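Chain naming follows the written order as A, B, C and D, and within any one chain the residues start at number 1.
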Amino acid sequence: MEKNRIEAFSDGVLAIIITIMVLNLQVPATPDISELKSRAPVFLTYVLSFLYIGIYWNNHHHLIKAARRATAGIMWANLHLLFWLSLLPFATGWMGYHHFQPVPAATYGLVLLLAGTAYFILQAVIIKEQGRDSKLAKAIGRDWKGKLSIICYGVGIAVAFWAPWISP
Amino acid sequence: MEKNRIEAFSDGVLAIIITIMVLNLQVPATPDISELKSRAPVFLTYVLSFLYIGIYWNNHHHLIKAARRATAGIMWANLHLLFWLSLLPFATGWMGYHHFQPVPAATYGLVLLLAGTAYFILQAVIIKEQGRDSKLAKAIGRDWKGKLSIICYGVGIAVAFWAPWISP
Amino acid sequence: MEKNRIEAFSDGVLAIIITIMVLNLQVPATPDISELKSRAPVFLTYVLSFLYIGIYWNNHHHLIKAARRATAGIMWANLHLLFWLSLLPFATGWMGYHHFQPVPAATYGLVLLLAGTAYFILQAVIIKEQGRDSKLAKAIGRDWKGKLSIICYGVGIAVAFWAPWISP
Amino acid sequence: MEKNRIEAFSDGVLAIIITIMVLNLQVPATPDISELKSRAPVFLTYVLSFLYIGIYWNNHHHLIKAARRATAGIMWANLHLLFWLSLLPFATGWMGYHHFQPVPAATYGLVLLLAGTAYFILQAVIIKEQGRDSKLAKAIGRDWKGKLSIICYGVGIAVAFWAPWISP
């Protein structure tokens, strides 16, 4: 398995996820400006999800570049990450249609949490293949931002159930 | 026809198939958690189909890498494989919506059986082009797993008609 | 404009066209086998359109390979071809849903005729850029199959209006 | 971040945007020729949007080719451009369904204006990275066509609100 085919496949899946999310906006039935206003929450969640996919795409590239060669483990860890990201259009649409209500918001947070976890697994698989002394292992040792974001997702999901007015 | 264009086209089609399957989950009309429960069968078939596409993508790569050059025969055998895989979103949605009832489950099994057969044809075309003494031919001679899976699909379809409670 | 980016973009568009056409099959509302029978015409038109896209993808590759370098003219002639092919999912769905009735069948034929014409324009643009003595120009001079197929499309459309029972 | 991965991802997103727009045409419920007539406005906006995406794809390629290497700034400026272009299928469908009425037409113009602005930002980011004396900076200094088109979009949006019969 060459690395560049993993990249090409991931790029394809991420490009389609981003573009399919926009279908949630649904073409309005009337030509009134009120239709745009009613789509504001869906639009906002689309912006949020677009940013997430953009961040994942960016980080993903650096991660795959760091891998020396593609193994079966890396391939499956990568598919695992793409699986959770592929649920983002569903979660985005649900949260957007129901104005950030607790269950859809918690589902959205859960999908992000699982995608974040999958990203960590992919990282761990690449480090294991590379050796603990590699540059990647050292760079990731300092990655408190990533660990923090996982904690934040978890807290966000919990909060979504208890306080819908705080949840993003 | 260069090999890498066959790879790029196949990657594109497989990436779209995976992402289109997720549209079967359909954004719920209410923000209730019961909506998630009612989507469980569709979600499970999505996981199953995602795994199948992942396995095909992985094996497909090794197969095309083994081909010395791309011929018209390889290209058409490859399109034939992509054709059956492109029916997977339809079969996945049908089986998921109807909780694994016999006819949709048998249709799902039939699509997998035909995709598996198309994969064997692609393999045979590449071996024919490569010669019987090639490494690929020897590796495949030992591929009892592949042959077994085809038999399993066939048995599964038959069983689906007679005993819906056994079928996956 | 490098040639390989034209190829990558065309591959992407063709891969999506093929996969989007399958959405016309629509997941059945009931788990009955009669649903499969009622989808037979849509399935048949899908097979037909899949074959057309496969043939175009194959020929397109040979054509672009023959071009020495990518010019603005080639790029626009290529986009023109992709435009007509992008209407194929619409025409396929319409013809399939209405069992090959005259107007949808003629529309389908018209889309194929316009795509065929766009292919000839692309060919002409590449030959003009390459010179009349090039290998491509000679190969195409013998392309009576291509010219014949254009005539066939035209006859097919005319026939579709007069004799719906003959039209494919 | 290598330049070619930005190109591949952008090509993927643009290819999907173009193909998703055609879904707005919706397969007609009857086989009558009047269905085609009623789809004329949607078809016309599709042609218009297809041309826009084609122009962006073409210009985008020249721009990225001019960049010496891919920086984080270029990547985000590029995602910003793709974001606005991803709203084109929504705006195209709305304008087409409502026969160029003022609000949908203004929305369409606004999306184009924001995409045009994002393109200028991407250009500025690349020039900043390249230096003011670069070939790109000089070529762009003469780009009065680009600046003019932004002004035209703005005027078009204003006009759309006041005189629906003039707006494109």
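Worth a mention:
Everything that follows uses one rule, which is that contacts are C-beta pairs under 8 Å (C-beta built on N, C-alpha and C of every residue); 3 or more make two chains touch, one makes a residue touch a chain.
Everything quoted here is computed from the prediction, not taken from an experiment.
Chains touching both subunit A and subunit C: B, D.
At the interface between subunit A and subunit B, under half of the residue numbers involved are used by both copies, so each side presents largely different positions. Across the assembly, the mean Cα position most removed from that of subunit B is the one of D. Distance between subunit B and subunit D, defined via averaged C-alpha coordinates, is recorded as 36 Å.
If you average the CA atoms of subunit A and of subunit D, the two centres end up 26 Å from each other.
In subunit D, the positions touching at least two other chains are 8, 12, 16, 20.
Residues of subunit D that touch subunit A in their complex: 1-2, 5, 8-9, 12-13, 16-17, 20, 24, 72, 75-76, 79, 82-83, 86-87, 89-90, 93-94, 97-98, 101-104, 107.
Of all residues in subunit A, only 7-8, 11-12, 14-16, 18-20, 22-23, 25, 27-28, 30-33, 35-36, 47, 50, 54, 57-58, 61-62 touch subunit D in the complex they form.
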